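Below you'll find the structure I mean.
First chain written, first letter: the chains are A, B, C and D, and each begins at residue 1.
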Amino acid sequence: MTQVPRDPDFERRVRASFDRQAVMATFRARLVRVGPGEVDIELPFRAELTQQHGFLHAGIVTTLMDSACGYAALSLMEPGAAVLSVEFKVNLLAPARGSRFLASGRVVRAGRTVAVVSGEFRAVEAEPPGSLLAMMTGTMMSVRDRAGLVD
Amino acid sequence: MTQVPRDPDFERRVRASFDRQAVMATFRARLVRVGPGEVDIELPFRAELTQQHGFLHAGIVTTLMDSACGYAALSLMEPGAAVLSVEFKVNLLAPARGSRFLASGRVVRAGRTVAVVSGEFRAVEAEPPGSLLAMMTGTMMSVRDRAGLVD
Amino acid sequence: MTQVPRDPDFERRVRASFDRQAVMATFRARLVRVGPGEVDIELPFRAELTQQHGFLHAGIVTTLMDSACGYAALSLMEPGAAVLSVEFKVNLLAPARGSRFLASGRVVRAGRTVAVVSGEFRAVEAEPPGSLLAMMTGTMMSVRDRAGLVD
Amino acid sequence: MTQVPRDPDFERRVRASFDRQAVMATFRARLVRVGPGEVDIELPFRAELTQQHGFLHAGIVTTLMDSACGYAALSLMEPGAAVLSVEFKVNLLAPARGSRFLASGRVVRAGRTVAVVSGEFRAVEAEPPGSLLAMMTGTMMSVRDRAGLVD
């Protein structure tokens, strides 16, 4: 499905908003790709973000997929709108071990107010390479004229 | 519903596993209550964990609820079992602003292999106080005899 | 939490819309309670609606909770709006056996456009009585001025 | 991903279990394809199964996707196991209108006890043809030695 951005300047806008997400800098996550309705974020493994067995915590995995999905949705929104996560569901398929991970977000359907998004989380250097560790489906909302919220 | 722990030493076991979650120390989260099937974790606001509008990132909110729910499930498991998150779903009700937050996890039903859990995330100092910011429903699994995994 | 209906005539409106849901008549489901933000629907067991082990099919359980949750949301909407389900998540706690069931829907938070809802499904005549068989959390949307859709 | 069935007789077994789902006969649904980890079910439109706007009820859409996903999971299970739905999440993308629908279920990952599944619901005769109306992600469990449950 081809997605047509309503804001020709969508890439700059997504990158500027990503740069304001303090948590992405804290995690040393990098925005590696911005297309219309598609965003990839890379995360290096960091021991400070692990759960009790030494794997990346499921909530950290979720943080990355949520940002990837949210920015995929924002890339298709009108200028002036801000993006908020309404809800998401995550299935954890395998423990998040590896040295480098890729979170991908993609818009499945962009409506007037809400967008349905789909996310994947993979280990870049894994055995087998790129196997799926977690998946997300969620709903993102476009908000306008709400005090102080712009992306 | 009264939940009967199968491990009389459940509180010590939950606390020891929590102390091994590096991400909880990184976030300065504290385990403030451990009951049979019920766990509360407190989190101070930290600007390093925010999204682009200055609220706590939805993934951080999820991280806290997932740990609270996972440890609520572990508190009812047999000695020797480890807990893994199978899946969770999060609804975000209001932006996570405040100076201190409480994530609560509770077992709704503990089966032989999987437990259904329910989580809530509230701002402790809020207007109105304690209003619900996010909720989770999820599935936790008890694993045994899997290489290296014990809680 | 007290929910204030924006339409004083909400009960009549919910009942009229329920009566237009052909599937509810097909299943012989009855709307037994309509309050502001709260709706109960009763369903008798019917062998024609079972899955392969003789329990009520999980999708039928979902149908009832979705209608209860949707009408709970509609009860708080402005006159002229229609309700649509955006998404829902269902956890199945126990096989749906029994002779009579109750699906309850409740609004957790009603926003301008979307409402977060929570549903429960119980066997009325069960052992133990009223034990929880399934639960739902979902998102309902208020739509206006969309061709032909009014509730 | 190639899925290897553990039961060479999986197709016969899935078809026999489907034939015991009374609700499928009630809805006149037909099992049109059974592959290893993949199942398609066809449903004709029926006015008795509609919600208040004349579309197929979201719960009916769910019923079909749940059966397709459950049988996709069963097709990869060992002889003697039965399949139960643990949980599922459904996103509704567009109203379910059309004269004939296809529900597809697919195993994303088959573990020892639980399988992660993915479902889609499309209108066969639609404009555009085959556009996605709803999607599911869920968890199916393999149960053994539980009183009376075999598939």
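Details
Going forward, a residue touches a chain if its C-beta (ideal position, glycine included) is under 8 Å from a C-beta of that chain, and two chains touch if they have at least 3 such contacts.
Source: prediction; values computed, not measured.
Distance from the centre of chain B peaks at D, each centre being the average of the chain's Cα atoms.
Residues touching across the chain C and chain D pair largely coincide in numbering: over half of the numbers involved belong to both copies.
Chain A and chain C have Cα centroids separated by 32 Å.
Taking each chain's centre as the mean of its C-alpha atoms, chain C lies 22 Å from chain D.
Distance from the chain B centre to the chain C centre is 29 Å, each centre being the mean of its Cα atoms. Shown for chain D are the residues that touch two or more other chains, namely 86-87, 89, 91, 116, 139. By the touch criterion given at the top, residues 86-87, 89, 113-114, 116, 139, 141 of chain D touch chain B in their complex. Against chain C, in their complex, chain B makes its touches with residues 89, 91, 93-94, 108-109, 116, 132, 135, 137, 139. Of all the residues in chain B, the ones that touch chain A in their complex are 17-18, 20-23, 25-26, 47-53, 57-60, 62-67, 82, 84-92, 95, 148-149, 151.
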